[in-house]
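Taking it in order: structure first as structure tokens, then the write-up.
Chain lettering (A, B, C and D) follows the sequence in which the chains are written, and residue indices restart at 1 in each chain.
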Amino acid sequence: MTTALLIEQGLNGLQLGVQLFLMAAGLTLVFGIMNMINLTHGSLFMVGAFLAATVLAHTGSFVLALVVAVPATALAGLVLEAAVLRRFYGRSHLDQVLVTFGLIMVINELTRMVWGNVPVPMALPQVLSGAVTIYPGVTYPSFRLAILAVGLLVALGLYVVVVHTRVGMWVRAGASDRAMASAMGVNVGLVFSLVFAAGAALAGLAGIMAGPISAVQVGMGEPVLILALVVTVIGGIGSIKGALIAAVLIGLADTFGRVLLPPALGSMIIFMMMAAILAWRPRGLFPVHG
Amino acid sequence: MTMIASRAATAALVVMCGVAALALPHAARADEPIKIGFLSTFSGPQGQLGQELFDAFNLGLKSTGGTLGGRKVELIQGDDQAKPDVGRQVADKMIESDHVQILTGIVFSNVMLAAAKPTLDAGAFVFSINAGPSQYAGKLCHPHYFNESFQNDMLAEAMGIYLRENSVKRVYLMAPNYPAGKDFLAGLKRTYKGELAGEVYTAFGQLDYAAEIAQLRAADPGAVFFFYPGGMGINFVKQYAQAGLMDKVRLYGPSFSLDQTILPGIGDAAVGSFASTFWTEDFDNAASKKFVADFEAAYGRLPSTYASAAYDGARILDAALKAIGGRIEDKDAFQKALESVKFDSIRGHFKFNTNHYPIMDSYLSEVIKDAKGRPTLKRLELIKADQADSYAAECAMK
Amino acid sequence: MTLAPAAPPRASSATLIGIAVLVVALALVPTVSQALGNPFLIKIATRIVIFAIAAVALNLVLGFGGLVSLCHAGLFGIGGYVLGIAAAQLDGEVSAALLPATGELAVVLPLAMAVAGLAAAVMGVIALRTSGAYFIMITLAFNQMLYYVFVALQQYGGEDGLQFNAALTLFGHPATGRVPFYYGCVAALALVLAGMQRLIASRFGVVLRASAQNERRLTALGIPPLPYKLAAFALSGAVAGLAGALFAASQSFISPSAMSWVQSGDLVVMCVLGGLAYVAGPVIGAGAFVALEAVLSGWSVHWQLAFGGFIIAVVVTLRGGLIDLVRIAARGGRAS
Amino acid sequence: MTAPLLRVRGLTKRFGGLIATNHLDLDVGHGETLALIGPNGAGKTSLIAQLQGDLTPNGGSIAFDGRDITGAPAHRRARLGLARSFQISSVFPEFTLTANVAVAVQAGAGHSFRFWRDAAADPALVGPARQALDSVGLGGLERRAADVSHGERRQLELAMALAMRPRLLLLDEPMAGMGREDSARMTRLLQGLKRSYAMLLVEHDMNAVFALADRVVVLVAGQAIASGTADEVRNDPAVRAAYLGKR
């Protein structure tokens, strides 16, 4: 492998990782703070992509698509939370898995009824449709660089919000001790709704960023959901830092595994890595609780 | 104790109700409608393909007045969820519970392999409008098994012929790591015979191809031949174009990777790539023009190559049954009628080979934008007239 | 008798009667099927019984051990491939160094159980280091590895799966006749249910159920939970392997798609749908799942909308699964 | 002169920068009831957890009946006769009271790889379990542990500890969260048990401590700052300053 190719594949791995992080961040927050396994996270990813593709098709503006679809996905998340999921915070993980499993089926079929079976086109934004030379011999698609930038910005933003703001303090308080947080005057229900909406917005954003490079179709959320779950547990449930590091790790392992290993092993590499890491550190790389 | 008993009774009830709901009394008579089991993939990410086949098959039925050989048709729909064992179970149900006489609609080869055996064992016909596994073209060929669409390798072999005859050097091969993917690449290699710049298999259902595309670029090939059906095709072609390779290294594939199941999802990015095919939207025979017009009117989209075969499928059944006065119950007669079927194919030349797979013309086509700005396939040149598959020699019918 | 989930099943003889009634009802299917003139009913009932065995096996660790395993489809598939490979050798299509070429169920079924149980034990040693959601995901990882291994095994059909024509026998008698095979499966389910019922009530079962409730307490009392959880996991895997072998036998076919993680998820859904607290709960879950899937998927291409809605409705309204309906009915009956 | 039943030497436990146990020396004699008192955060529960095996110390040694158990796993210590009742009730909520105690009996009756016989109908388990429940005043109460009152659950904990036929009871705030009446009842109960078992008692209820303890050790910041009879400790100026004075 030449240096140029090594750099390009490294960028590919990093970009895939960052894309996974966008998904895993919301998942790990909801999982860690509300102790809720939310399998509909993949559905929100899909809804974000479909909404953006529709806005884009009607207006031709990618920015407008972002501006409309991200809040709309957050709203969809809020509705989902208020209508069904809220009453499952106190239930067992199994019940959560089952109800969200049922919701996946329902949301998929509803999406199919609205948008049909045929994959929906979603073009690249004009400014980002080219490629940039970043090293002699390495040209890289601008849009993928944009994904990289967005992902890193989100990571930075999450860090600032969670660690340095009042809202972040509430979130952390709500996560560690609900009763205590309520006593301190934090509206835990509101905080949970906010966190859920934020997670949904991130999933939607991930879907929108994935739209131009992949097929916008029913069922597009589930493969990504599995990878995001892998990232979440490798990083340690509830840890944003862990999610970022695990996502990049998975992105790089997957990219180089696919290129360097025979196909059968290449498909397995992520799962072998997860099994090895959990055997070594049963609570993930950055355990949050206890 | 009462509770225990009623618990068990309710449990039994739940099971029995479910089971009983499947039961339908029956009796087969010749004046009854012909029963066709349409077993296809309707759910999950591949659900689009089943729907495409179903829509086109129904349109074909409509074009024959809703009858086959003058008899009414009862179409029983079933979802295999792209899982072989589910396909086998639903095929069993169609045979034993619905008493279908023909099983059709299957998309995937592995589902076909699982579902065809019990169907044929039960004496019913398998009439494939899509899945074309090599096993049933060769060693497993069966008097009651017909495939009117294609054998997996055929379009790849056609593309191999074109690339060889046009001296395209150092072709780079890519396909998903599953049986049809391997069939397609094997088919290309069978006729291309030139030096390969690389041969890469990716995971089935893979979303991101950036790493493979980087390797591809580094290998500096003369052309790329790829087989990615469905969503994988959309992902790959979009990402290939975004990597700036579309005008540097030409993209060749079978039409399943570049037809109307995929092109709308890609948008303009695929324009300028080439597909081998047995039918395109611009075929100028009357039957084909009617098909495209009717399909667009009925479903508001252009038909794909999948649809073209499904549409022809209904019309083949009609023509064969017409020849024997609709007597599908006479299995030998029906088999002979199918073997020598004459009908007005939208694909132009069509006849069944000795192994009950098609002999037809293959063409090269290019992805262009049509008058309405939609990406479509435009027929360019004939690659091979009366192309047959490569397994017919292994078939000793009966 | 207490109605609490996972409460010690005191009235075990009464519960055994309940299981017996369920089994007798299942045994009546061939008669019903004949009366209706629809032989397919037996096939779908066979599928229900086989998945019921797998779900009951899973529920040993899931409902009673509190371990959410997503690798049971993998173990199910291992059992299926043991039978499939053994039988396919008779056709001369494949060969395997470690497995006998035989279609004798008395040999192959125990073998399938042993291999699946061993695989479960090996995975359990690693997976049981973790707990909770981490356990779910590490078992998912193992399931995916098993899946890709069998996809890669081209000599056994790879993704296409493995078909075989060899006739299966039980103690030398043909075993693949539709009705006898069905009765055999029902008998296997009855044995598994009765065995599980005893197991759950035994000292071993007490430790397993106690570990699901409060592992720390159990340790403080002087019982290390790990060996017991591991034994339960291996046993559960072995029975799942039995179900897989019966599945392969019923179809003369096994493919990797039967061991995908989605299939593992389906087994979990069957357990939760039926009710985790009772040994027979998963039987009801498997029946509802398979029958509903078969009925709904014939109605509409949008069947998953109704199927998903049904699952949501059950989880939202019935905390203990479908078996709760019986409890509600019983309460109503008592009140009147 | 026999060696003490429990002998702790130089025990140290750190949580990051926080020292929970600081080179602690402690002895509990055969048949002795030792009360451990100290302000919140003094490291009492951490100490109990290290003795029982739930936490691994960073340094020092623990010997039980002359045998070093510093590195022994919790279940082995339990078999040797160390029984703990938890500060926050730790029971099997889905089991009945009898079944809860029967698990403790079962733990002392060899391995549990017994797959066939109905444990709930096994007199060898149920008999001693009922006996232990009787001895804590819960006889005849056949309910799920999740459904009984807080006080009853504390009694259940004690019954489970007794059913292990322990040699040393580690009681972590057995009166925590109890009303005055319940506390008094529990105190009487423990007074009755005092003759049969050695006890290490962590408790905030000073009336109970002074009524039960043969000796009192005062723990502050992981160190024993005083030791002696209840009266001696009560009058110790250092203790008054560090602990009693604050209240």
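The rule is short, and it goes like this: contacts are C-beta pairs under 8 Å (C-beta built on N, C-alpha and C of every residue); 3 or more make two chains touch, one makes a residue touch a chain.
Nothing here was measured: the structure is a model prediction, and the numbers come from that model.
Chemist: Among the remaining chains, which ones contact both chain C and chain D?
Modeler: Common contact partners of chain C and chain D, which must touch each of the two, are absent.
Chemist: Select, from A-B and B-C, the pair of chains that is joined by more C-beta pairs in contact.
Modeler: Contact tally favours B-C.
Chemist: Return the chain whose centre of C-alpha atoms lies at maximal distance from the corresponding centre of chain D.
Modeler: Most remote chain from chain D, centroid-wise, comes out as B.
Chemist: Where the CA atoms of chain B average out and where those of chain D average out, how many Å apart are those spots?
Modeler: 72
Chemist: Taking each chain's centre as the mean of its CA atoms, how far is chain B from chain C in angstrom?
Modeler: Their C-alpha centroids are separated by 35 Å.
Chemist: Chain A to chain D: how many Å between their CA centres?
Modeler: Distance between chain centres: 47 Å.
Chemist: In chain D, what residues contact two or more other chains?
Modeler: none
Chemist: Among the residues of chain C, pick out those that touch two or more other chains and give their numbers.
Modeler: Where chain C meets two or more other chains at a single residue, that happens at 151, 304.
Chemist: What residues in chain A touch two or more of the other chains?
Modeler: Expected reply: 112, 264, 267.
Chemist: Pull out all the chain pairs that touch, please.
Modeler: Touching chain pairs, listed by label, are A-B, A-C, B-C, C-D.
Chemist: Considering the complex alone, what residue numbers of chain C touch chain A?
Modeler: 62, 68, 126, 129-134, 136-138, 140-142, 144-145, 148-149, 151-152, 261, 265, 268-269, 272-273, 276, 302, 304-305, 307-312, 315-316, 319
Chemist: Within the complex, which stretch of chain A touches chain B?
Modeler: 2, 4-5, 8-9, 12-13, 15-16, 112, 117-124, 129-131, 139, 141, 143-144, 210, 212-220, 223-224, 255-256, 258-259, 263-264, 266-267
Chemist: Under the definition above, what is the set of chain B residues touching chain C in their complex?
Modeler: 1-12, 14-26, 42-43, 47, 50-51, 76-79, 81-85, 88-90, 92-93, 95-97, 109-110, 113-114, 117, 133, 177-179, 204
Chemist: Contact residues on chain A for chain C in the complex?
Modeler: 31, 37, 84, 87, 93-95, 97-99, 101-106, 108-110, 112-113, 226, 229-230, 233, 237, 264, 267-268, 271-272, 274-275, 278-279, 282-284
Chemist: Show me the residue ranges of chain C that touch chain B in the complex, using the header's touch definition.
Modeler: Touching chain B from chain C are residues 1, 11, 14-15, 17-22, 25-26, 29, 32-33, 36-41, 43-45, 47-48, 151, 158-161, 163, 247, 251-255, 257-258, 260, 280, 283-284, 287-288, 290-292, 294-295, 297-298, 301, 303-304, 322-323, 325-327, 329-330, 333-334.
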